[in-house]
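Multiple structures are listed underneath, in structure tokens.
Look at the two complexes coming up: subunit A is in both, with subunit B in one and subunit C in the other.
Let's look at the complex of A and B:
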């Protein structure tokens, strides 16, 4: 049988050959050759990875990297400048080390945003898939509910919930987790609906493949790449939301070192100690930029890989 | 016979090469082509996908992104002026003024948010210094020239309010609006139904003759060229391999590729005979799987014939309707009937073809058989019993192959998983068993069994369609519904798929329900034909009888509209 490996390469095929890319996808060397690695990396992805890894290290090993106890102040050393004594980034109005507080805040904010994001992902994806699967009352109810939820200003709803339920990590995570999933639902719904109309889903239905198997075999893998991208972008959004709530005094309990709390405290000393503002604000900006870069990176990766390889 | 470029040529392309620059690769789309079009000539450019015909057309107006293309050598001149060195401002004068274009898809070529009126004004006022009233009069005249009856309505309509054929007429009217010297028509009728195609092509030819406008007609359809063009260029892999008067090129093709292309057409061949396929080495890149089909009998062994003479499948008064309007509670209150009391039957080992234009209900009928849409009325019988009353396994003996192999395979699944997906229902065979079965299926459909780990995008269109057929065969079907299985494919690949289908039918005594709008293909593959029109079957009978001596008025219209090589030469 004339397999296509034996056919004479001509035209574009010949050019591809000349470039050194093997055409045989089964060739393991071809799969991971250098040109491919080069093709999938760009400066954006490199920067994003470095920043992301730094943040992960800070979040995981933060306790070892703090130079001071973030809660313990030294009233003799209030408003220290950056580098003064052994305060890396200076100290605040109670003489607490800003660097150590920023690292502690990172852990708090990251944990909060990550947990909330996972809850968002789960709720949004589930509802999106349920709505996309079949026309009917389930779709109507889910879509109406999502629209209603989205029509409320998110922060206002969050304020009300936190005021009723109270302060703390768990209430904050659940507030964000239960309210901010709309973006996941919308994207999953839109993409899944289009996948459900593809012929391969019809073919599976005709073959008698169960609804669950179609959902997890064809549809969910189809939206997976987008889920990664939204997950990264949404993470940045949640970081801001968490800081905003803490800044307003309805997020993290008073005194807990979070970026929002630090910002709130810095208000009174803006002129005297601008570092108190700069440190948490810079931390938020850096974290948000990193997550956005990671999102961009994943998006461009999955675009380049096209539909060929799973992300 | 070749005519030579003269200074009076409207279009002159001289030894033009064009490369597309990829991220780290270069694709040679054109490798030095020369062609010319004289005043008032209708010239065809024929080729299969990837031959470079559309690139040639787009490059005349410099419509390709300049940063992504490179022109190593060659010249393009319109009315003696070099287009390649022209500035953007002069080009704008050429575009729409001296050369205008008609695209394949009129829905995307027209702006959906503007009325026809505004779009025509835009073109006319840009190139001619006239008042709005004059422009309106001119537009209405142009539309009337396109044999549009209610010009006023069309003139004030939005594109979505018009049918495909009407939109294409508007496009042609716009193309003629500024008295261009050359019209480049890129597959202008490919998206249209046969009967509409005939009208549009005639209009285009008439108007071109009347206004002495030259036309460059780009198409993959040799019959269309034969009917319309004075001269023809055959393109293949970025080169022009043959040129000359249409009659000579199609009547006495010199180049091997042209001959192969003509031989691959089912037209004029003995029905059910194996079609000659373009030699594997000539097809670009991939679909070299033209090897004879090897069948591992172990896979499909033991199929039982249901019984000769009795119908294997019957549709009795089958009716499908879709909800048109809903009340407040979301309940449908009025319906649109897509399939209207259809009665058909298929016997074992035979092919029934359903012919009809888009919207006639043929796909709805197919979908109702495989259970994708419910029947509103009537019954579908398989082996004498209502299809619904059969158990799941028997129901799976009816399988379907879809039109678009791009959409019918999950892009993330390897071939073996795609082909054996139906076998995993209710059972969990081991990975190795499935892979082995897939390898067998690959051989059955003429693919290399070592390809089972590849992903769909690594295959060509024809190979993907083979995978789709393999998937349908995995559950030992007795009736295969083929919904336009070759209409998304090139002619040479179409011939291969038709051959494969005929081979499989012979081996396994399969029955086919073949849905198509292509009369030549239907004539080639089917025993019986049913002609559908607006949801109803208007004529049925033996293929030869219905297609050669149609009784129903609609069938006759349909047959007359089909462009054929024979008729083109008789004229």
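Let's look at the complex of A and C:
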């Protein structure tokens, strides 16, 4: 990771010579080698970017990339192997195309995790900043509440709430959104309390800047780097939580093509169609690793570390 | 662990007296107040939320019950009284550890939960044991020379493993070892049959060990840069002694916190693994009882999980005090 950060005193021309690159100002490789971009690029970040862009493309243009209707099966073509009868990754027990279903699952999971994550970010940051600002009843209540929420295994809370509020996208998103913000609150609280002690914040206060302006204009920017990192790692955690709840049959409604539902369906056909297990499993793993890589990449760029949540 | 204890006790120059142990327990008593508050909050919240979720009388009587039957059941269980009165009488019962009877099987709810506790502790304990016994040696090895190419490959592997959720591992393991190779049973639990433990424990550990290994490795790597390592090296300590006597005990202090957190998260949080393998533990019971709206059992489970998580956290604290002499508050 630290390989590219060693400074070379010879200057860009000397570097270019040493690396045997041309000095033609229009040569893109040479330009890249001399640019700042190279310092910030390592193999992990390149892999993370490629995977991330692929996921974004699949999520946005998924409808055009699906080869079949993910809901519509062909009973004549059940348990097709990968590549058979123009099924890219095979078909399931109802003859539905696994690739199209995996793409549909990606759209569902991404939408779910992204919305929940934004809600988490918003709640956690606001509460963290409020608690960090000064001692008093607000800090006591917020910290007590966070501690209470945290002292239960997250999955236990999520299971109870999701079953009560019911199936569907909106209940699932709001359950995750309203319950999983603890990481954001804790990190923002820890960092913002120290930022509130800085001279520039004190100066702003003396100069008569309003509390809200200090909170969001002076303190929040100092926490931003960590927030990006947590956002990425937390995204991975939410993907796991979402698919876990759907797998248990209490998240996404039955029949909706999501990774969790696909995994649950695959359990009866492990002997007959291992692809039914491997496709959604691979999709989850790839998505989670991508988000972890993105988080790691942002962390190594900003040289700060976030924590990933354990589900 | 033993080397950590040895170095800790050699640093502490006074012998531990009964009074020291008592002063060490003060934070525990403060924590107990927190536990009481937690149980109160959770019980209250669950009481009102669960009443909103569904009518217990309807659950008891079934969907095709006549209004008269419903009324009879309401009267029998006191469900026709105002909600607040119900709440206070309920809390009074909870104070006496009476959570009522399970709606599904008419057994006392707490007893039903207590049956599950040993099984979940069994699963969680073995998973943590396996996690620690992989992560600590592996993490020490990785952290000793983190830039070494083969160790970087192992780090990459850990990074990938960290992205594989436990239930995905569980399904893949079932596919390989139960369905294809027919070596191990895919579900069921007998405490005397170790074959039934292997897959659930491995699935849980597979998700836990990468993060613990990374923490141990990072801590060892950090400890290796400390002054006391340089001093020990200057004194002629061997590489092995540097690692195992000086770096690892310090790294384990940080790891102990994560082990505690992971263990606490498994108490009930192992619900998915328990469901996949039909392991009749607390997580399995939680899913069962929530889905059948068996309120007394859900309440008793929440109570039990709160106590267990609290005990784990408190004992992690105590272990810390034991391991780390800097945390012991001593009057001069």
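What we mean here is this: the second predicted complex is superposed on the first by the 268 of 311 C-alpha atoms of A that agree within 3 Å, B and C clash if a C-alpha of one lies under 4 Å from a C-alpha of the other, contacts with A are read in each partner's own complex, and residues count from 1 in each chain.
By our rule, a contact is a pair of C-beta atoms (placed from the backbone, for glycine too) under 8 Å apart; a residue touches a chain by one contact, two chains touch by 3 or more.
Computed from a predicted structure; not experimentally measured.
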If we overlay the two complexes on their shared chain A, which of subunit B and subunit C does A:285 touch? Say first, second, both or neither. second
Where does A:43 make contact in the superposed view: on subunit B (first), on subunit C (second), on both, or on neither? neither
Where does A:212 make contact in the superposed view: on subunit B (first), on subunit C (second), on both, or on neither? neither
Kindly classify A:153 by the partners it touches after superposition: subunit B alone (first), subunit C alone (second), both, or neither? second
One more residue to check, A:221. First (subunit B), second (subunit C), both or neither? first
With the two structures laid over each other on chain A, which partner does A:263 touch: subunit B (first), subunit C (second), both, or neither? second
By the touch definition at the top of the document, which applies to A:198: first (subunit B), second (subunit C), both, or neither? first
Which subunit A residues are contacted by subunit C in one complex and by subunit B in the other? 308, 310
Contact footprint of subunit C on subunit A as seen in their complex: 144, 147-148, 151-156, 159-161, 163-164, 236, 240, 243-244, 247-248, 250, 263, 266-267, 270-271, 274, 277-278, 281, 284-285, 288-289, 292-293, 296, 308, 310-311
Considering the complex alone, what residue numbers of subunit A touch subunit B? 1-5, 7-8, 10-13, 15-16, 19, 25-26, 35, 39, 140, 198-200, 202-210, 213, 218, 221-222, 306-310
Touch list for subunit B against partner subunit A, complex: 23-28, 237-238, 280-281, 284-291, 294, 330, 370-372, 392, 395-396, 399-400, 402-404, 407-412, 418, 421-422, 424-426, 443, 446, 448, 450-451, 453-455, 457-458, 468, 471, 475
Subunit C residues touching subunit A - in the complex, by the definition given at the top: 34, 37-38, 41-42, 46, 49-50, 52-53, 159-160, 162-165, 167-168, 171-172, 174-175, 179, 207-208, 211, 261-262, 264-269, 271-272, 275, 283, 286-287, 290-291, 298, 302, 305-306, 309-310, 313
